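Both complexes below contain chain A, partnered by chain B and then by chain C.
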Partner chain A sequence: MTLLRLLTPAILALSILGLGLPGAAQAQDGPLRIEITEGVIEPLPFALPTFIAENPEAQEWAQRISDVVAADLTGTGLFRRIPRDAFVTDVTEFTPSVTYANWKAINAQALITGAVNVSGDQINVKFRLFDVFSEAPLGEGLQFGGTSGSWRRLAHKVSDAVYSRITGETGYFDSRVVFVSEQGPKNERQKRLAVMDYDGANVQYLTDSSSIVLAPRFSPDGTRVLYTSYETGFPQIYEMNVGTVSRIPLQVPAESMTFAPRYAPDGRTVVFSASIGGNTDIYAVQPGDTPRQLTNAPSIETAPSYSPDGSQIVFESDRSGTPQLYIMPAGGGEPRRISNGAGRYGTPVWSPRGDLIAFTKQNAGRFHIGVMRTDGSEERLLTASFLDEGPTWAPNGRVIMFTRESAGAGGQPALFSVDVSGRNLTQVNTPNAASDPAWSPLLP
Partner chain B sequence: MQPGTIISGVAHTALILFALFGGMFARDELPPPDVAQVTVLSEEDFAALTRPDVADEPTPASEAPTAALEIPDTPAPEPDPQPEPTPAPEPTPEPEPAPAPEPQPDPVPQPDPTPDPVVEPDPEPAPPEPVPEAPPAPPQPEVADDRPVAPVDVPRPQPRVSTEATPPPPPEAEEAPEVVEAPDPEPAEAPEQVVEDQTPAAPPETAEEIVTEAERPTQLTNSAPTGTPRPRGRPERPATPPRSEGTTSTAASDNVNQAAQETIAGLQQLLEQAPQEGIPAGPPLTAGEKEAFRLAVRQCWNVDTGSQAANVTVSIRFQMTREAQVITSSIRQTGASGGSDAAVRAAFDAGRRAILRCQNQGGGYNLPAEKFGQWQEVEVTFNPEGMRLR
Partner chain C sequence: MTTLRAALVLTAILGLSACSNPDRFGSGNPGDGMPFDPNAPGMNGAGDITSGVLDPASPEYFRQSVGDRVLFAVDQSTLNDAGRAALSAQAQWLQSNPGYTAIIEGHADEQGTREYNLALGARRAASARDYLVSQGVSSSRLRTVTYGKERPLEVCSTEACYAKNRRAVTVIAAGAALS
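Coming up: the complex of A and B.
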């Protein structure tokens, strides 16, 4: 009883404490915490006033470069350019400070300012990127210089820098694509090797239309191209120097048909398919060396592609009865199947990131471009059409370019690109029909 | 089975005993006066002789059993009643009640007074000495009728009586003093109890309110309020060393009360100062308010599902003004998982943009101003788990 009497006041005090200070007790636990697991997917609005021409000669170039930068960014589907008509004010000076309120007013989340200076044939471009709502610059200003003939690359460089600062990933605008340009009716189609900017500009032809060419592939450094030519009447692999347009045949087994070449990450080893005695297997060869057979099966093994680290090869094989995807060690060995869905799988390509494998899938009378994890899981089909095939990865592993051919006798192949998320499917403008695209690495 | 058997056996045994020692035999014995033996007399003589005899016999027969039954009942629980008449047994029980006011010792002396009136008639029937046998069974039923009133009342008067009885022991106190030692331990425990103060004032057993539990709480509640208004301040404590002999218990309780008062006063001050110091005040945000805030930020969180930043979970902490406007300079990253440094930076930038963009064109979020303390500082975890490409 005595104890009870002594404790009673303390209990009363504690009860009062509990009733009177609930908020304080909670507040001491820390800040208000919330978790957001879903957001929105929408293009990020940005303002890009025409770059300032620092001299009269730069006026035209400033406009062109500004337009290319804007086109690069909006072409990704991740950005939306705010029309100039909506601007509250314009930028007349290339200064490190801006009036953020004016850009907040039009809901611009990013502001890109720049200036162009032309001196003879030399063009200098500098730019700054601002995070409007944070009211702070995103990185420091950068400047690029080049000749007037490379003005597009200057613009792409600016775009890559902006893209990288906002998304945290490297860009892919300053890159090139080699492809097969096609002309003429289907039964008499003329094919030529061609190279262009990633956006279809600056098309240059590497071969004439005297012979059929197929499956060009860029070297890791972007200076060479492997391709298959029917110049001799049989499919034969050649390596071409893009700078000099000179070519040499690949050392392959005699009396064999070789095709589907691709460089290893080291840039020296070439892996390809060779049909010898009616059986097609995968081989690897280095300059001055004899080819080494990596597979040995009665089935058709083809379309090999190295993993970014060069340790594995993904390829296509019909050893199970239908074309499926397999992975084996780079030096050959027991392959494991990774495709398990319905339909036929082919032309696998390992992503530069190393996390995904793009492929062509034929199922239920339609073709798809899809991606899956390297273990075959999480397969996602990004496209569907009468004929989609031949995927190639952008240097940053974010975009896939492929060939789409329309149905009918007058059907023409064309190049399309799609974001790895399956969004932003767009056609790449080429002067003629095009197929078999292969993306180059990001140019230096 | 066994319990039932036992109960049955006991019941039957009791029945048999009742049959054997109950009124059955008594009644049987009554007839023995066998009138048949008187047949030698004449009718007149017989009639004359028989009348007085019959009249005498029935009275004792009817009364004797009742009296005999009642007497043994009361003394039955305590065989002492009989010896009581003798002075010797009394002293022994008395010392016990004196030291401990508890009921145990009391009942012993109690029976004495109560039975006394009845006991007197007992001795008379006692000579026949059916007493030992009769006491157990028959008394209970009849006594029960009388007791319902007596037993309850009896114990109460006992203490009162006991107090009166206590005086007699003093003469024998020579022996009592030893037993009296018992009271010593009581004071040792008692000092702490404040309520006990009253008990010592009055004779121990006189307290009719033996049910002290009912009184104590009332006294405590009365003392508590009186204590609250008292000034706080510990320095006074040492100043009050003068502990009155019997008031030690009250002093202890006062100290406890003072401590409690100080605590309460401190908490009250804290409550009053809370809003001034910016410490969170008011009730916590309701689930709806919290959800509304979450949705407000969410609608501005632009997720690039194809980027590596979509694999990054980033936590961003920031502070807000009373107008629910984000203090831009307070935005900082408190945690991140998954992805490269560049991806983490991109995820943080996306989260920061979301936080800054959706505050109503800079006018601040819609948050209850009275709960400012609850949302003065916020930590938002942007987890794109639900949006990752699969």
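Coming up: the complex of A and C.
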């Protein structure tokens, strides 16, 4: 079937992610030994003629939107844009039919055409996707509209639709990332909460640098952010409304220092760590309620993260002597250890798909971002560096963003992303040094 | 002796900046293990400075002469002999100067995740606090805070720096007992 031919490279890539076939790193049988192999996959070539401007005002927007769509797709590592000077013909009309031979001739497997119309502050974008080798449109034409201020979102929506149709997966381009923007020397870092588009555009600051802020996390609906601030002089969790930037302290146990918050999938319950008298345990709280203690051990219990169905919590504990990963029922109860390799494991984060847990691993003087199944099997390390930590999942569970910090007196953190296969390691552009990213859900 | 006094006066003055730091962490100000140069101008021990001797009841004296910190092994929060000796001296000073309260900061080196290091810093601060209490300091005068790996004293990425960053620092604050 020709559709399959069109889809082969991308689908192959994604099925590799899912099944751990050759190309992805694989856990070995017997004594746990991890091999990282970077599967080389040929990106799917697509043609994206600059979208047609339907009126003169649309000229500039058509160019910009086309560029962002192309950047979204090529940025995945799954697609390759065919340069325009290779085209046999250009597209001058936004029509439901195209001359497939012209695109076959340059080996384009997908053709994306579009048109942009501007009326006042309103922008409308239409696009069509064609499967060149099967000579058929892939899905209906679609149209998105918004104000000029949201033009990048319109582009990301086109990209999400294209990605989704070709891969069968939900996209992740129309999403935001909350993070900590950093400036100043290592022993006097100034930190500010900030939010940006997934690709680093549209940075907005949510706090000033008067207090240390750490590890923000989005609510499941993307409207609120939990984070830790030292504004009282002690670490304390706050919840901020991203729209109004107003914030309230989380209800926490008395005499505690609190950090490592995360929302439950219900968007109301918050799980977090509280240090009381030097001992750190995990608590959960619902609005207006008193916090409930979920772990009770003299060891460190921290970095809790809910399963997508809200029934379980994965967390980090050093009860065995070194930090390892454990899963317990969401209401507390006997935890079972899931990490079994050499080294120290931390910051587990449950994939939005439910199938994998991403984590930070420290072993033999190096840090890694890795993934494992929820029973601890099939551990794969995706990255290695002096200091990688704090993974966050793209809304579709296919990409992980994390903090990578360089060594030495001039060491600086930056945000990186990597495929769950370990491919396509890319730095995310931020205006300053940056750490602690947390991905939003796909925007509505 | 005059040299030492002069140096203490100087570092006491320089050290004032620590008190106005909004994040209030016991950072590496001059005197915190930073060797001064006895041959530097004004510090030559010529005996021309006769006033401004550091008051033994001052927080500066505590920092400079008593010693405000203890160090820890990797991942550990247990005190070694040197740590216990330092904290005993701190306890003595706190007993002699009952008008002061203290905040004990726990810190970690950069090896380890942010969240684990916050918990580890809390353990270290509590370990120092518990020892001070065991030496007779009222727990109502002591409060702890963790900075995890957020405020390293030394910025290199080798054990030489890490060893100094794994610390608990007793920061003296004036005033009534903390609630």
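One rule holds in what follows: the second predicted complex is superposed on the first by the 404 of 444 C-alpha atoms of A that agree within 3 Å, B and C clash if a C-alpha of one lies under 4 Å from a C-alpha of the other, contacts with A are read in each partner's own complex, and residues count from 1 in each chain.
We adopt the following convention: a contact is a pair of C-beta atoms (placed from the backbone, for glycine too) under 8 Å apart; a residue touches a chain by one contact, two chains touch by 3 or more.
Just so it is clear, the model here is predicted, and its values are computed rather than measured.
Of the two partner chains, neither chain B nor chain C is touched by A:121. Shared-chain residue A:168: touches chain B; no touch with chain C.
In the superposed pair of complexes, A:140 makes contact with neither chain B nor chain C.
Of the two partner chains, neither chain B nor chain C is touched by A:93.
When the two structures are aligned on the shared chain, A:279 is found in touch with chain C, with no touch to chain B. Per the touch definition, chain A reaches chain C in the complex via residues 185-189, 210-212, 214-215, 230, 233-235, 257, 259-260, 273, 275, 277-280, 300, 302-303, 316, 318, 322-323, 344, 346-347, 360, 362, 386-387, 389-390, 405, 407-409, 411, 436. Every residue of chain C that touches chain A in the complex is listed here, in rising order: 22-24, 27-28, 75, 77, 103, 110-116, 118-120, 122-123, 125-127, 129-130, 144-147, 150-157. The residues of chain A lying in touch with chain B in their complex are 1-2, 5-6, 8-10, 12-13, 16-17, 20-24, 26-27, 30-42, 44, 78, 104, 109, 131, 133-135, 138, 164, 166-169, 353, 378, 380, 398, 419-423. Here chain B touches chain A in the complex through residues 189, 192-194, 216, 220, 224, 227, 249, 252-253, 256-257, 259-261, 263-264, 267-268, 270-271, 274, 279-285, 290, 293-294, 297-309, 317, 328, 331, 340, 342-347, 349, 352-354, 356-357, 361-362, 373-387, 389-390, going by the rule given at the top.
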